[in-house]
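As written, the chains take the letters A, B, C and D, and residue 1 is the first residue of each chain.
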């Protein structure tokens, strides 16, 4: 059981392998939005070269003599046709090369239309990627089990790493662990954890999320050893409204059993400075001391 | 009664015929967003040809002699004017043909403005179609009536066919059936079905949605025969947040009486592999065996 | 009191006159999105002419001799400069006229940048207007007071005029009337009306919204005369999710006292045709008969 | 304690200083969306000059003789290359200068692609800034403590400064004050204030938000002196749906202890004019008189 992978990766994605039925694993839009920037630019460049090569071939089939100015630009016919296609698809249209006759003009007209449509997709994707709402929530490296009221509580701390304003925050915390079903088969189970508060009107400073460990909590009567045996993982889903994106942002995080520290408490991370401002020390968010 | 059509088609649309009042059946935007891709490109192409023909006619009315370079491109006057309009509307502007005098320049100025506005609509629509949030939820082919706790439950299973992350899922299930109103007229009625749980924090694996058949359920005291007589259809509305679209996606599905299998149970569809990963077998989502 | 204007106009806007403080009555974006199409195109055209005239003046100040090709296009200097500016701002760039020297090139470089930015706003606005989510809900012309269960109910009927799918509908109904405050001054008051149901999972057919008239209702012990004396108006806010816009749409409607018919009932507006399809007769949505 | 800064600035931002960990203080998109317009245009202009200078350098390295038309435009080589780059990146492409040979054509092809992508970002940002949903809520300059029912209430007044329609308003009000924790350290605390009503279906006129001061209220047994001692600040978060932006808008506001007036009441700000219209006097929203 010790080799079970964590369920939520540190980047917030799920650790599930799917045996795929059919080919719809990704919507092409999702694939283009989620790939790395390097890959996105590589795909764009390949698409650009392929599309222009296609139109260059059409011009050659139609006859290079129907491109006026060909031969004067120091290029072989394919080169002339390729760069003429570039100038048409991007709508630069220098005019040093220009189409003659019905065939070349028709190919160019289709090229310009294709270019406008293709660049609408590429530039739309570029901007969608660039403006995609993303949270930059800093979570404490560990969750802790700390004194809380008369008993104990499972706690972790989070703060907004950016200057943007987060409002209407909402947290859901779930414990995931390997239990046993009626037939005695081991099965992953999910228990929502009750929180001291699930919502926060705004997050100017940090938020210490607290799960009070009462009799109904799966942490009641637990220990470091027992939660390891159960392969326990605490899964957090956080959402809030971000002013700058004018959108709700969501983020996931999780603590595996070995990221939960028992019987410590968090150190304070903010104070008032001499001018009366509230100062938040983000780099101390994970700091704790003996309880 | 047996020829009643299903209420929700397998693609999620409603099976209702409207006798239309006035002409507002579709908003033009909706019409352009929902049509097939083939049709969309055909409409675009026709619009492109018609718009350029219109401007070509204006140039001819103004006089072909006001387009410098006309006659040198191996085309009849309308051809020259048409492809000059193409070069203007797409803003390619090779310049091998260019306008002379106030009339031709004014037509060209209007053409360039029209082109920019028209292509803003076309490319905006193209991207809206391309980036439209869509779910790709795989539902089990049948709903089943299976043992549940001490009694029975109506169940169906669903999973995300894509790698994208779905969170905050919410399901609503309604039974639709032909009843009788006070005047004894047959009338389609809707009863919401209570669910074991209506929400799921996240959907990494599959979700078996369960409607416990208790005394209040319309399935209580029902049989395969009685639900056929009532023309029963179970309608599902599912929504959830998709990370990649940064939007809420919604999907509809339904099971007609002949898609409900009695007294069986679903087979498991996930297990842990040797490396500790959770493996989900999507192609077995409909598999069931005798209860 | 009879000359009081209705509070919600038939187009859904409010009938309130504001004495404005400062000049922020409209955000410019709102103004450009809400104006009529005719006005929008007129504003665009004026902006286009003014902007190009501005750049034409700059070229003339810099010297018409720095535009090569000037004089060959059959236009006076301002005309040449104006249409050269058009070709630059729209990025058509035929090249029959082109800039010479630092001044003209710098003006052209600023013109091209200005053009790209300006057209981004214009075309973005155009698409925002075109794709703005809008409901096309057909309300019955009158609300009625009809028999309901053992008593009476205020009812009105609505349906989607378009083929698009509306789901998760939610209605709020408020009665607005002139009452008297503690000092005896007449004052407009608002009372939410309780509804038989406020939400509908989906709207394939019509929805008859019912306010049961019980002791708590402001319609209890009312008559046609008394609601006229109170200048009563029933205000409806309806929202729902539209699949094609991938957005929530909202609409407002209201019934003034003289649009409420007493003691009638609605006629049915759908039936099953021979092929088993459900047929909805939208043009009969307002039909009623004696109760 | 008197030098503590207010927690919410009058422009709605938080008054918190962060000691930053790492460099992710701002997402670049947020930075570009939130900066002033003057700065945005300056950044755009600098980017435009730098990008074209970069491509101009490439053309010079490749050899100015590969740009046909160089020398005829009255510019030194770098000037020719710079403005040729401008014409390529903006896709104007006059053609008075045009590339010769593989090197120059390849640089131009990359320039046109870069230009299309770069301008997609710039124009997308421009439109995102321009169309960003923003509320223009006018709050009364002071909150007041006024007679309410049998006791008192904390009240403030707000109205929409624009003609746009706001619906589904929701207010949350929190009192923030300096209390003392178990260890006797002073600590900022937050108490939500109960409101007479938290939601409003629509906001055609003004809304007087009322917090009834009952035994549970932190204002119970308070005075002007005691709330100053506690550095009290009343924080308001308001959200509503704006028809024109087709989006939910949110706004923040706060009243510090010295902006709360005791024992006064608000004057009415609307009346009916002779034509029966409701008139709202926005400039009197802060007016109050002795209670």
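Keep in mind that, in the parts below, a contact is a pair of C-beta atoms (placed from the backbone, for glycine too) under 8 Å apart; a residue touches a chain by one contact, two chains touch by 3 or more.
From a predicted model like this one, the values you see are computed outputs, not experimental measurements.
K.L.:
Strictly by the touch rule at the top, which chains does chain B share as contacts with chain D?
P.N.:
Looking at chain D and chain B together, the chains touching each of them are A, C.
K.L.:
Of the other chains, whose C-alpha centre is the longest way from the centre of chain B?
P.N.:
Checked the centroid distances; the maximum from chain B is D.
K.L.:
How would you label the chain B and chain C contact, same or different, if same means the shared numbers make up over half of all numbers there?
P.N.:
Because under half of the interface numbers appear in both copies, chain C and chain B meet with different residues.
K.L.:
What whole-Å value do you get for the distance between chain A and chain C if each is reduced to the mean of its CA atoms?
P.N.:
Averaging C-alpha atoms per chain gives centres 35 Å apart.
K.L.:
At what distance in angstrom does the C-alpha mean of chain D lie from that of chain C?
P.N.:
Result: the chain centres lie 25 Å from each other.
K.L.:
Can you tell me which residues of chain B touch two or more of the remaining chains?
P.N.:
Only 87, 91-95, 119, 124 qualify.
K.L.:
Which of the residues in chain B end up touching chain A in this complex?
P.N.:
That would be residues 44-45, 48, 52, 72-75, 79, 83, 86-87, 90-96, 119, 122-124, 126-127, 130-131, 134, 136, 138, 161-165, 167-168, 201-202, 204-205, 241, 243-246, 272-273, 275-283 of chain B.
K.L.:
In their shared complex, at which residues does chain A touch chain B?
P.N.:
Its residues touching chain B are 3-5, 7, 12-22, 24-27, 29-30, 33-34, 66, 68, 87-88, 91-95, 98-102, 105, 108-109, 112-113, 115-117, 119-121, 124, 128, 132-133, 172, 174, 188, 190, 192, 235, 237, 239, 247, 250, 252.
K.L.:
What part of chain C is in contact with chain A in the complex they form?
P.N.:
Touching chain A: residues 91-95 of chain C.
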